[in-house]
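Look at the two complexes coming up: chain A is in both, with chain B in one and chain C in the other.
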Partner chain A sequence: MPEMTLVQTLLIAFIQAILIIVFVFVAVPLTIFSERKVLGFVQQRLGSTRVAGRLGGITGLMNRGMWWMGKIPIVHYFRGLPGLVGDIFKLFIKEDVKPAKADRLVYLIAPAISMVAAMMVYAVVSFYPGVLFTIPSWVPIIGGLPVAGAMADVNVGILILLGIASVGVYGIVLGAWASNSKYPLLGGLRSAAQMVSYEVPLTLSLLVPVILAGSLSFGEMTRGVATGSSPWAIPSLVFGFFVYMTCGYAEVNRLPFDMPEAENELVAGFHTEYSGMRFGLFYLAEYINMSVVAAIASAFFFGGPWLLPFGLQSFVPEACWWIGQPHWYIYVAKIFFFLFVFIWVRGSWPRYRYDQIMAVAWKYLIPLALVNLVVAGLVRYFA
Partner chain B sequence: MFKSQEMEINMGPQHPSTHGVLRLKLRLDGETVKYCYPVIGYLHRGIEKICENKAFFQGQVWTDRLDYCSAISNNLGWAEAVEKLFGITVPRRAQYLRTMLNELNRLNSHLVWLATHAMDIGALTVFLYCFRDREKILDIFEAFCGSRLTTTAMRIGGLLEDVPEGFDKMVKDALHAVRTGLVEYETLLSENRIWLKRTVGVAKLNADDCMAYGITGPMLRAAGIAYDIRKAHPYAAYGEMQFDVPTRPEADTYARYLVRLEEMRQSVRIIEQCLEGLPEGPVMAKIPKVLKSEVGEVYHPTEAPKGEIGFYLVSEKGGANPYRFHVRAPGFFNAQAIPLMVQDSLVADVIATIGTLDIVLGEIDR
Partner chain C sequence: MFTEIIEILDRFLSFFEQSLAFLGHHLFLIFGLLAIVASVTMVFAKNAVHSVLAFLATMICTAACYFTLQAEFLAVAQLLVYAGGIVVLFLFVVMLVELSRFKENRLFQRQTPLAMFVVLLGVVGFLTMFRRLIFAPSASEALTLSPELAEGLDVAGQNAQAISRGMFTGYLLPFETMSVILLIALIGAVVLAKQERV
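For the complex of A and B:
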């Protein structure tokens, strides 16, 4: 890799940041859209075109337009998209209500904390090992320089990742506390207890790939688990994956662990008093966090940009270059699959009770994750 | 330095899962409920007093608004109470149709109960499945009496009209939908570990307490007492129907869930018997245009989906409307048990309790 000046480094990082933001802001609305579509199919409900097509307003108008166009089969499937655009637009134009007795400063910055913590995790996510593409030589200043598949694939990537992810809980707890209202307070208390508890088994389950790969760097761990690990490690990886996913669901407050915002109990939980785009930031942060959990699960347990996980990659014949080599789109496809699983679970399961959630974490997940860690260590030592 | 205090919190009247406008004053220690005080009356319209100023045939319109999820049961109770007061005999075909409509209504009400109860516990899919199947039943009501929710389906002395063309097929389709739907709900819930954790042993109310509070219906049957007015004091055509009264000994939320699901199966059975044995003949008895009452009083209990709904009528000589009217609404008695059931449980269990009681504020506040 050629030596780069500071300006060049910053520009390259800027380009990577733009790419990540594009990825996130394409992935999140698509997830929201597919959440509606998939849940709609799971629950056999009628779509917005059947219901809102006759109505007024922006959504109705746009839906009506699509309804007329809807005779074309390709458009048929995506007819819900205008509703999504209308929804996001609505969040922007809604009045931003602040409760009179709220702690103003904390109330205002809490959604930003959630959002920033969720986005920053992507800095260490490695979409592709090595160089993603090279900038053409005619571009001034940065011409001919490579753009890596990870923004900052530092050698303590997983520590940064866990550290930033644990900041996310502050957004929720501070927002709940600053609202100075009773239901958000209950939601904030729940989330403080829940997210802090589930961080323990989550970290323990992520130590399995750390041990197997012998590294803390995101890219190295992905490579090590996908290509280098022994077949004996498969049970421990699969088990670690299940523990990780369970904790991941709890960390991002999705069903069956959506305690902080259990709408039937706490109205809307920690964001009851939020409206407009401030609520929108919480909403976006939840979905970005979902994609982060999906990204980590597919990187550390399902081979990331490699096609096959668990060290099975070496069995792919050389001739199949398009699946034999790592590719960023394989990784993105896996992320989207896990996002789909999030929605699928939401459509299938009821919600745990608060004390039962804590029991799951402390009584089952942490001991199991510890045992799994020992097994992984033994595999690493002997195999 | 540190001190702890209990937090008072208002659950309702504007809350997603208090089923309307129930308000619970809760005092919480952390998440544990230390004290609960239900406040009712936000939906009070004075239905009993209004009916005292309405002619006998007009009162039925107001019974729709009691428990709006099971309007036909209320209609039936009202019509039979008035018929008992005047000594009117209803033709056999009308009795059968009434029974059938009443059981369709029971399916409707139990579907709404399962939908909201499951949604309160977080199972959103069950909610939409139930409403999908309920739609077919509401279509039947619409075909029969022109409205879906506030049906006013009965007339004093029988029914306004015979069933429309194609009624059999609609009913059979709806029964098929309910029967296949029941399998789906059971697949999603009955063996679901989370559902079991949230319902087994939650909101217990044993048989003694049930009787002390005057609780009837599925709540009582889930406590092991096989009391069903359709069997105990048959009305309409229930005396000629073959059906079982399901009971469970556990007296918890899960037992009530099982009892109500089994009741839905029995309702399907009753409707099928009605369809098979539907007699020919008129659907309306000969009654005078204007009913003038003698001095008398009558109490007529019927088995509504939520429990015993009783209509108490007092009449005066030559009166065109009831002198005194009172409704014994099952939801009112069920709601009384809330403080007992939620004592020392968690906030999430309060929601499950409200769901399992199957209360509708329309009949509690009246």
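For the complex of A and C:
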């Protein structure tokens, strides 16, 4: 690889950042839309089907025909999609109401902290081991240089990931406090306790792939777990995966652990007093965090860019080499699958009570994760 | 005409590169100054939550300083332990306390002259000890405790390995003693808190 100057390095990193932003801002609206549709499917209704209830235009004509034939029109099914644009537009143009007694500075920066902490995690996520594509040589300055599949596949990648993710709790707590209102404060306190508690089993369950791969770097861990782990490691990987997913759901405050915004008790939790795009930042941060949890789960337990999960990749015979190749789109497909599972779980599980949530974390998940860690260590030592 | 434009672009680019390189070499100073500003804000802020926020900023800037010294593991540990754990607990406590009752009205405490003297003494001592290091450019090589421990390792690239080698071979006893001391503090806190209820 040719030696790169500082400007070239920065420009390449800039291109990678834009690719990641494109990925995130395609994934998030799609998740929001599919959440409506999948929840509708789970609850035996159609989900959002129309923007303003009109049946005009070509789609309207086709829809009328299909309704007339007694069928649910397929075009009609996706007619809720423009409503998504309307949603985002509404977030932008809505008046930004600020409570009179709010702490101005903290109120302003809390959503930003949430959003930045959620986005920054993608800096160490490795989408593909090695070079993603090479920039054509006619481009000025950076022509002919390779663009790697990870922005920064550093030596302590997973620790950076956990460190940045742990800063995300400030967005919720500070937003709750700065609103100067009791329901957000209660919601914020609950969520802070919940997120701090669930960080412990989450980290413990992530130590299983660390031990099995013998590295802290994102790319090496993915490769080590997917291609180099022994068959005895599969049970502890599967178990660690379930512990991780449970903690991930609690970390991003999704059902069945969405205590901070338990509507029937706390209005809307920490973002009760937020409106307009500041609420939108919280909203986006939640979905980006979901995609981050999905990305980590699919990288460390589901084989990342390799096809088969839980280290089954090492049993693929030599003849089937095409299965053994890593591809970035396999990884992205896995992320989308886990985003779907988030919605699926939301549709099928009731909410836990607050003391039950804490009991799950401290009485069950932490001991189980510790036992699992010991098993993984034994596998690493003997096998 | 065309060549002139290219020449101007080229000159601009080289200037851009030079200034970037300058910034890159002095990132440590930038983040250090930011950390100092944040810690001064922490001391002088009247609102306790603002103090905690400034403390968080100090911790993050300190972590960034470690990053510029190529001590990635230390930086991330700083971020994880302080920013992710301890400051959250601070914030928790501060939020629960009725703030208006303890509002600071004066900027300085009563023992100012003595405290100022002690702080000045500390600053002078620090400056005389580290005067050669303060305005030096960022380190190009990572610092290690003892070179024989890091044998066969690229310390700048394999930070975690180098630190674990130091911890579990050269300095095992102090490391374990520290963890036992922390455990004792933890259990002591639980015992003290429990006594009132029984």
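Criterion: the second predicted complex is superposed on the first by the 342 of 383 C-alpha atoms of A that agree within 3 Å, B and C clash if a C-alpha of one lies under 4 Å from a C-alpha of the other, contacts with A are read in each partner's own complex, and residues count from 1 in each chain.
Basically, a contact is a pair of C-beta atoms (placed from the backbone, for glycine too) under 8 Å apart; a residue touches a chain by one contact, two chains touch by 3 or more.
Model, not experiment: these values are computed from the prediction.
Residue contacts after overlaying the shared chain place A:177 against chain C, while chain B stays out of touching range.
Judged by the touch definition given at the top, the superposed model places A:155 against chain C, while chain B stays out of reach.
In the superposition on chain A, A:167 contacts chain C only, with no contact to chain B. Shared contact residues of chain A, touching chain B in one structure and chain C in the other: 185, 189.
Taken together, the chain A residues at the contact with chain B in this complex read 39, 42-45, 182-183, 185-186, 189-190, 255-256, 258, 262-267, 346-356. Residues of chain C that touch chain A in their complex: 13, 16-17, 20-21, 24, 47, 49-50, 53, 56, 60, 72-73, 76-77, 79-80, 83-85, 88, 91-92, 95-96, 157-160.
If you check the complex, the residues on chain A that touch chain C are 5-7, 10, 103, 105-106, 141, 154-156, 159-160, 162-164, 166-167, 169-170, 173-174, 177-178, 185, 188-189, 192-193, 196, 199, 216.
Chain contact summary for the complex, chain B toward chain A: residues 7, 9, 15-17, 28, 30-31, 118-125, 127-129, 132, 188-189, 192, 194-195, 197-198, 346-351.
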